[in-house]
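What follows is a group of structures, each given as structure tokens.
Below, chain A partners chain B and then partners chain C, in two separate complexes.
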Partner chain A sequence: MHVPDGFLDAPTSVATGVVAAAAVGVALRKARTELDDRTAPMAGLVAAFVFAAQMINFPVGAGTSGHLMGGALAAVLVGPWTGLLCVSVVLVVQALFMADGGITALGTNVVLIGVVTALVGYVVFRALQAVLPRRVATVAPSAAVAAFVSVPVAAAVFSLLFAIGGTAPVDAGRVLTAMLGWHVLIGIGEAVVTGLVVGAVVAVRPDLVRGARPLVEARELEIRTVAA
Partner chain B sequence: MSAPTTTPRRRVSTRALVVVGLVVALLVAGVASYYASSHPDGLEHVAGETGFLDSAEDSPTADSPFADYTTEGVEDERLSVGIAGVLGTLVVLVLAGGLALALRRRTPTPDDDTARAREPERA
Partner chain C sequence: MGAAHGHRLHHHGHSAVHRAPAHLKILALVGFVLLVVATPREWYVAFPAYLAVVVGVVLTARVPLLWIVRRMVVEVPFLVFAALVPFVAHGPRTEVLGLSVSEPGLVAAWGLAVKATLGVMASLTLAATTEPVDVLRGLRRLHVPSLMVEIMSFMLRYLDVVTADLGRMLTAMRSRGCDPRSPRHWPALARSLGALFIRSYERGERVHLAMLSRGYTGSLPTGADQ
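== the complex of A and B ==
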């Protein structure tokens, strides 16, 4: 859902730009707690993968397509703050070099595709992990559900921004209904890709998956007790 | 889940995981992208359906040599998309990886200590 220039008026674009800059500023500080020598290469990989995956538009019917947003995926793999930075780098490269997403709309896109999907994705993921059995096998399904939820939420936030600062005289309610309908379908694709990718990394190196860390660390403690 | 054992099976190194992941990303961006759906995405479709698509303006970067994920001057469509995809993926890798390396904690964490303790002593 890369927003082009022109959809939203200047005040709204400035406001989303300020929110995006503030969020990225906070992320630059907080990401320190998520990044060390082992996880830093993962952040580069996650960003590269999100860029690549966003090139794959999958059909969702009636001549419409969608692609991965990747915020929830990145948040579960490398943490929400680093995940936001990863998606933001992707969006900047897309806007500057691929003309995908506008320049005045860059703040809007960072808010929708980065901030909203990473934070909503991470919050839903953590909530599911809190109620599910403490098993590593729950990580990928939780990530998939979180990814699914993040897409219609981002669509709803766009609709809200459109209601506030849309340049065309179009009924905001119609936009919201249509956006939610299509993005529930696109969210299924988001869930499938996120579940498969998180599942694959959890299968080989659960310790490198930020969202699986509490479980992996607990398991390691258990092993030590047995060994002693 | 298998019972915990004191001799864990040989684990995939971080380097191997990153290399394999990067190869997958490059194949997705460089090869599979050609087969992606060219239908408008959800937002574009809704914009057309509800009538605000015309308010979209061309990006100031629309003249970029890689605009719309095609490489200027490359006739073969498959190659044109593939080059743009591979270069974009590598640029993102360098920028995001570099940022992560610059931000990372350098002080050893408890994890690093245990990892080091497992390694054989070097002379």
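== the complex of A and C ==
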């Protein structure tokens, strides 16, 4: 669920807006190094994919449903900066054209769903790849764990923002417990879907998965002959 | 620039609000919602005045009010959350309809609901009266980085293509007895999403090649001369 207008007070909204603008500014520059002059069409199409993937709801329990945030998924598939950019663009389009997520909360949403999930997801993914055996089969499980970690971290950052600039007199500790409990459940769904999607792409086109690129490039050409 | 076809939330019209420059409308929207958010929720008279402003703009734009109201379902989950606040908030308790609720929580819930509603109504008004191409042009005039605007324009242009692709995949899954929502069929869903990613990525590559063959050098014509 996106944060709407009026949930955080005006100073906090403006502050997160500044942070979001700075992060997107850095990402715009870094994405050029990931995609060079293909950035605009490629990031646009990946953003459309993230939007489509977010349309699929999955049941979380108690009759409610959650949907994919896609930050960690995008970071593993196309790289952290392009991924951050794609999810942020999705959020801007949703706020401006679909009234989904508040206009003043746009900075908050970009920070939480774009910046935190993409960067945390990618850091966790890289850390796991560094310790796991260097095999392509480890990419999908690492992506799943990265996605699982990224969601509760985003929820924790939200609780922190709520403690600073929240507009409801609810105990900050209670918000943190509720948010974490809920988002661990959502994180499980996010992890399973992310892991399966990355696994599906790795199986067909491992060269497209940015996170698998070091492993794919290290592969040597194998020539197998059948004994006559 | 393509994307001339109307947008799902766009309500075609020729009113003064439709014709107003997009960058001014975006500034007005951000300023208005920021003002609403900054207004203390205890200033009860301010909010009907804000509502009157939004309704006034909607009526000037000759967009049916019901059209706006029907598209406000997007904020329903949030209203449910706001309704829960009085029960979990701290502070002195009071009785409403025989239920014990927190008094500051009740005020907070009012604030959350009214501010979110005004925000959604104002955003819907912008979306209803402004073509996506004009919003993008407005953002460019407001000095949003051109790369960002280009990415948005590509996303908007291919959004319907990609979501329709996904729709066909889901139809194909259902016709084979799969339920995309059920965790039991997540492996099949994930393979579809993986295929959707590969298709989108490869489409991006083809679009880029097509752009290069038409003389793309790294930045798009802005359409500012139109």
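Throughout what follows, the second predicted complex is superposed on the first by the 208 of 228 C-alpha atoms of A that agree within 3 Å, B and C clash if a C-alpha of one lies under 4 Å from a C-alpha of the other, contacts with A are read in each partner's own complex, and residues count from 1 in each chain.
The working rule: a residue touches a chain if its C-beta (ideal position, glycine included) is under 8 Å from a C-beta of that chain, and two chains touch if they have at least 3 such contacts.
Computed from a predicted structure; not experimentally measured.
Annotation: superposed three-chain arrangement on chain A; chain B versus chain C shows a clash. Of the two partner chains placed by the overlay, only chain B lies in contact with A:Met179; chain C stays clear of it.
In the superposed pair of complexes, A:Val93 makes contact with chain B and with chain C alike. Looking at the shared chain after the overlay, A:Arg135 reaches chain B, while chain C stays out of its contact range. Contact with chain C, but none with chain B, is seen for A:Ser13 once the two complexes are overlaid on the shared chain. Legend: residue contacts after superposition of the two complexes on their common chain; A:Ala146 is shown touching neither chain B nor chain C.
In the superposed pair of complexes, A:Leu215 makes contact with neither chain B nor chain C.
Look at A:Val120: by the touch rule set out above, it reaches neither chain B nor chain C.
When the shared chain is aligned, chain B and chain C each come close enough to touch A:Asp171.
Look at A:Leu161: by the touch rule set out above, it reaches neither chain B nor chain C. In the superposition on chain A, the residues of chain A contacting both chain B and chain C are 1, 4-7, 28, 31-32, 37-49, 51-53, 55-59, 65, 85-86, 89-90, 92-93, 95-100, 102-103, 167-168, 170-171, 174, 201, 204-205, 208.
Residues 1-7, 28, 31-33, 35-53, 55-60, 62-67, 82, 85-86, 89-90, 92-103, 135-137, 155, 158, 162, 166-168, 170-171, 174-175, 178-179, 182-183, 185-186, 201, 204-205, 207-208, 219, 222-223, 226-227 of chain A are the ones that touch chain B when the two sit in their complex. Of all residues in chain B, those touching chain A in their complex are 1, 4-6, 11-12, 14-15, 17-18, 21-22, 24-26, 28-29, 32-33, 36-43, 45-47, 49-52, 54-62, 64, 66-69, 81, 84-85, 88-101, 103-106, 109, 111-112, 115.
Residues of chain A that touch chain C in their complex: 1, 4-7, 9-10, 13-14, 24-25, 28, 31-32, 37-49, 51-53, 55-59, 65, 77-78, 85-86, 89-90, 92-93, 95-100, 102-104, 167-171, 174, 189, 192-193, 196-201, 203-205, 208. Those residues of chain C whose C-beta lies close enough to touch chain A in the complex are 7, 9, 26, 29-30, 33-34, 36-38, 41, 71-72, 74-75, 77-78, 85, 88-91, 102, 104-105, 108-109, 111-112, 114-116, 118-120, 122-124, 126-127, 132, 135, 145, 147-148, 150-159, 161-163, 165-166, 180-181, 183, 186-187, 189-191, 193-198, 200-201, 203-205, 207-208, 211, 216-218, 220.
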